[in-house]
């Protein structure tokens, strides 16, 4: 479904991603793990068109999407839950959700809002509260629900466990798993290697902007490289 | 005397309020001071004037003025500011000042330096309100300002497009992630803000005349009012504009007319130092 | 490396280059101007110092039109002693420092032999020093009276001073209109202050009293506060000292504020179609003293009107006055020839009919025509007292 | 040894340069050009002053026209009303602008970015309105005219009587050279480095023990004093001051010169002041188009050359250096792509 | 080096420190102390409040409650430049260099406290001033040689490799002659080789008698380097102790690895 070929991304002079090749198949859940600064987030940002890659090719369902504008990609059925949630702090929870469905018709939008908030009762309880006042975990739920508004075919998640307590991390992963089981393809990036590997079908290991390992859940679980990457 | 000055102040204040709302809209999305906003105010008034010369009825001329103001703002954003998104704020500021200079002098080339009076169907009549004779056009200005405020308030807080504008002001990248074309949202906001600015110029035209440099001080005042009201706050801008107008009139009436403009500047300084979030702004603690 | 090791060296290098360029230009220019002076054939350059941009731009434009007409006429008749007159326009933006800058440039760089303008008092006061040092005639339209104390033989005023205008109009107001209590609102400039001071001096002798005095700054468009204050004092009449834009606006806003009394102005600064266009009903009955009457049936005026129609120019009072100044200047050049002193002496002795009547100057360089009293009636300017 | 010789040459070069600069009036016969050069020198002082705070400390002010005005008005008032000569008005003006600069800096520099811009704008406008309305002292809109020239100076070989523009030139040049040396000494000291650190990263600077606020205020004070000195020179040179000269437009003009020359560079200041002054004087021929072209120039410069002329020069300088380096390395893989660096902020 | 004799005195004491942002508690009633000459590590998951803690200690943000003492001085309400003056220096999580400066210029900024900023001597170029400048340049040279950046001293700091940029930051911090050095995730984003080299540098710095307080994710680094470890989560202290104690602590495993797997 998603294919990244020979991707190079630079921040000024600094190379953040070097010759990256990954792919995601339909209905698959793929994780990308690696230490801080390994280039995981840059990878997602490059795919999502937030950062301009220097070279390489990205295709989504056989369509080349390299250098596409972010909002176009969303309309193509791919969306990202960004690192650090990035909810709109001064807008209410419900407005955040509705904005997620900006491209839908009014009727569909309201219907979807009801639908996606169903698994997250807390969002319904706090409908009119400013999103910035939610706790980290709640914001993460909101960010995921917001991304689900457009019923994406492919959902990218950037560090969904960041700054969350273990119990919350657990909850977040439960929700993601649920989404996956309902048929959403997922590409997920997380520092929390253990959770990420447990969740996925297949994973990539990144280190300093390069792909250093790849394999299915079971292959990777006990390899040294993974041990190393999640411990540092 | 007090009532006189109060009415003067409210009329003046309504215009400041409209200017302030325009500034606030632009600030809302790009967080920078569009120094050329005063020139949009002037441009709108001149186009209205020309349309009227060509024989258009008043309502059509006014609308044309507003639309051309909006177009001017849109072009400004499209041709200059958009290309400078990543530029330092200082460069943007100077570019805006450059645009203001260009527009002012183009206006002089096109329409000449001599002030013109914009026609108003209401200017000739005074209305008796509780024994006070108030000009009908003044009342027209106040009513239009209030309507515009409510419309924009509705647009910003009750429509999804308005929410998108707010979202873009908080986080452009996340806004794009919602499938929203943030550039378009910004352009539209710029156009609306500029249209409102042009409307202010059109409303003032019959009272204070239309001439190429009319935007300079009006711009400063509108800008002061928008800071007073809390940048980005539409009702705040409205109330602050009115307050500023009344305060100025009182200062001019009871202290010295020469220092009328100094009042606005002193208020601006005081607000910046004591309540930079504006009189009606809220302090929102953000994680550093 | 483009520049030397230290920035200072770079600065010096740059400045040297700049100098070379400028020196190149200047020697070229200098020689050509010298050639011009000795050749005696080409043309006489005259500078116009007036506001061409900014709030006062239309006055400058009017003046330019007037001078253009005059020069066209003279050049068509063969010029001055066979030389064509050439106009150099300098924008003083109605500010003293710009006036100094632009007169400097016109005299030193453009080689102009005389200056017409400025329109406003303060810029003229500042710029006359430059023209005086260069021995260039300076014929201006400013109103400030201090000019007589400047000891500048090259400075001439083509209009009347406030000391002539103000008593005339006050006398009329007191005698014909029976006005006792007057409020005044004046522009806070040399011009306004002079007029206001003259008015206060003259008031006693004609038996009127100033009960309120308000000021505004040039460029102001909102006079509501001042008018409210004046309204409270209940005057019989209000004297407005200002240029036509402001007079029209003040009258308008006074009407909107419900201040309905006789308005008048001391001089003809607002004598323009523009006043009626902007002021409409509000300026009806406005009284002022004037040195010029555009309806006057004199040879000079008729010629001026004909010329302006031919050239498609609005015949404004300011245009006619500037036209007079240019004609007077041309005559002085014709009689004085190449010597600046002789030109000056010719100007001092000049006697000619202009659109403003007999043009002649006293030893201070002032004109001494008697003003007439005019009024706006039915959207037209009419004379009510000769 | 070689080092010393180099230094000696440099000194000699400077000496010759200064003498050559002093000879300029001999080469220029047109007094108007002399006038323009003098004006440029005054602008250089202003731009150097503003650059201290904008270019070296990273704080924006669009109120520096007011300091210029305060200096000019103090010179005008003290010389016309009290009869003080230039040599007395100059220190008074410098001191006064420094004090006012200190007060304004102390109040305003707590603000950041656009809020500081607005505050300096408000301050500049207030001062301008005071010039305009305090008629008893400042002469209101008429300003103050007939400001005397500096007293004649006799140097034995030549006299400066200050009746011609050429006479002002050595005096103005002297102050500009002093200002340039002063600026150089300042920015090459611990204090100057502290300022640059604040400009580049306030937080990091503070963590190095630099008292950010105090440093900014001191720099603002010095910057105001430069403008005060320029104002005094201006008043005694033009002989007239009036409020319009020192309004918002003047503040913007100085800031534009800083930006167009290139921030944080002495050569940039000289270039910006010179080119913009010449440009604006050259456009006097077309008064109606003058400001229009001027405005367009500003917009285009800001859009395409955000680092000003110095940005362009540095870009080509770097490119030349890099080419030389590449030649040296011959065949070695180029590590840096020149084009990537661009002319501006990216 | 005999550490034990020196470690009795606490160089930094944090007591009951709290800070919240818009209702969210970033640091909550946190207390710990750093002993002189130790390398003290602070670990915890992302968002646990570690960087906020550093910002509180160095006075970048004021705490809501609590006290920070440096040796015997109360530095709670001091501004960060004053704290730096007392001898606390730091690096930042996202490297904060001065974009327009070369390596040696950047480090020269660090000598601000050494040279001072007196204007008059600078303008008169007095002897004392020149001597101080000379001393500062000397110090910069020493430090650059010490951290191994002498060869790249004239290059723009921002154009160096990630690892060297971090070195510049450390060199700059060292130039202030600190007694306590705070390092915020100094090895984040480094490759193993760079990490190893940086670890060597830290030991060398510590051997110069400078106490180090370090935030890190790299357990390997923490275990090898640190004398003492404090684990925080949700702004609260979870555990503290030596590396061995921490590694085996169930709460740490839970917090850090995100899942209760004590039994496994």
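Per-chain numbering from 1; labels A, B, C, D and E assigned in written order.
In the analysis below, a residue touches a chain if its C-beta (ideal position, glycine included) is under 8 Å from a C-beta of that chain, and two chains touch if they have at least 3 such contacts.
On a predicted model such as this, the values are computed, not experimentally measured, just so you know.
Asker: Please report the minimal path length, in steps, between chain C and chain E on the chain touch graph.
Answerer: 2
Asker: Which chain's C-alpha centroid is most distant from that of chain D?
Answerer: Greatest centre separation from chain D goes to chain A.
Asker: Looking at C-alpha means, what's the farthest chain from chain B?
Answerer: Computed centres place E farthest from chain B.
Asker: Need the CA-centroid distance for the pair chain B / chain C, whole Å please.
Answerer: Using C-alpha averages as centres, the distance is 36 Å.
Asker: Hey, how far is the Cα centre of chain B from the one of chain D, in Å?
Answerer: So the centroids are 34 Å from each other.
Asker: Cα centroid separation between chain A and chain B, in whole Å?
Answerer: The answer is 42 Å.
Asker: Give the residues of chain A that touch two or more other chains, as numbers and ranges in rising order.
Answerer: Correct list: 12-13, 132.
Asker: Could you pull out the residues of chain B that touch at least 2 other chains?
Answerer: 105, 108, 258, 284, 286
Asker: Residue numbers in chain E touching 2 or more other chains?
Answerer: 22, 24, 60, 159
Asker: Write out the stretch or stretches of chain B touching chain C in their complex.
Answerer: Touch list, chain B to chain C: 1, 4-5, 8, 12, 105, 108, 112-117, 123-124, 126, 133, 135, 138, 207-209, 211, 213-214, 249, 252-253, 257-258, 260.
Asker: Provide the residue numbers of chain A that touch chain B in the complex, in ascending order.
Answerer: Spelled out, the residues of chain A in touch with chain B are 48, 50, 69-71, 74-75, 79-80, 82, 86-91, 95, 98-100, 102-103, 106, 109, 132, 146-147, 150.
Asker: Show which residues of chain C lie in contact with chain B when the two form their complex.
Answerer: Contact set of chain C toward chain B: 53-58, 61, 188, 214-217, 219-226, 228-229, 231-232, 245, 249, 253, 256-258, 274, 277-278, 280-281.
Asker: Any idea which chain E residues touch chain A in the complex?
Answerer: 22-24, 45-48, 158-159, 162, 185, 188-191, 217-221, 233-234, 254-255, 257-260
Asker: Taking the touch rule as given, give the residues of chain D at its contact with chain E in the complex, in rising order.
Answerer: Residues 182, 185-186, 189-194, 196-197, 200-201, 203-212, 215, 218, 264, 336 of chain D touch chain E in their complex.
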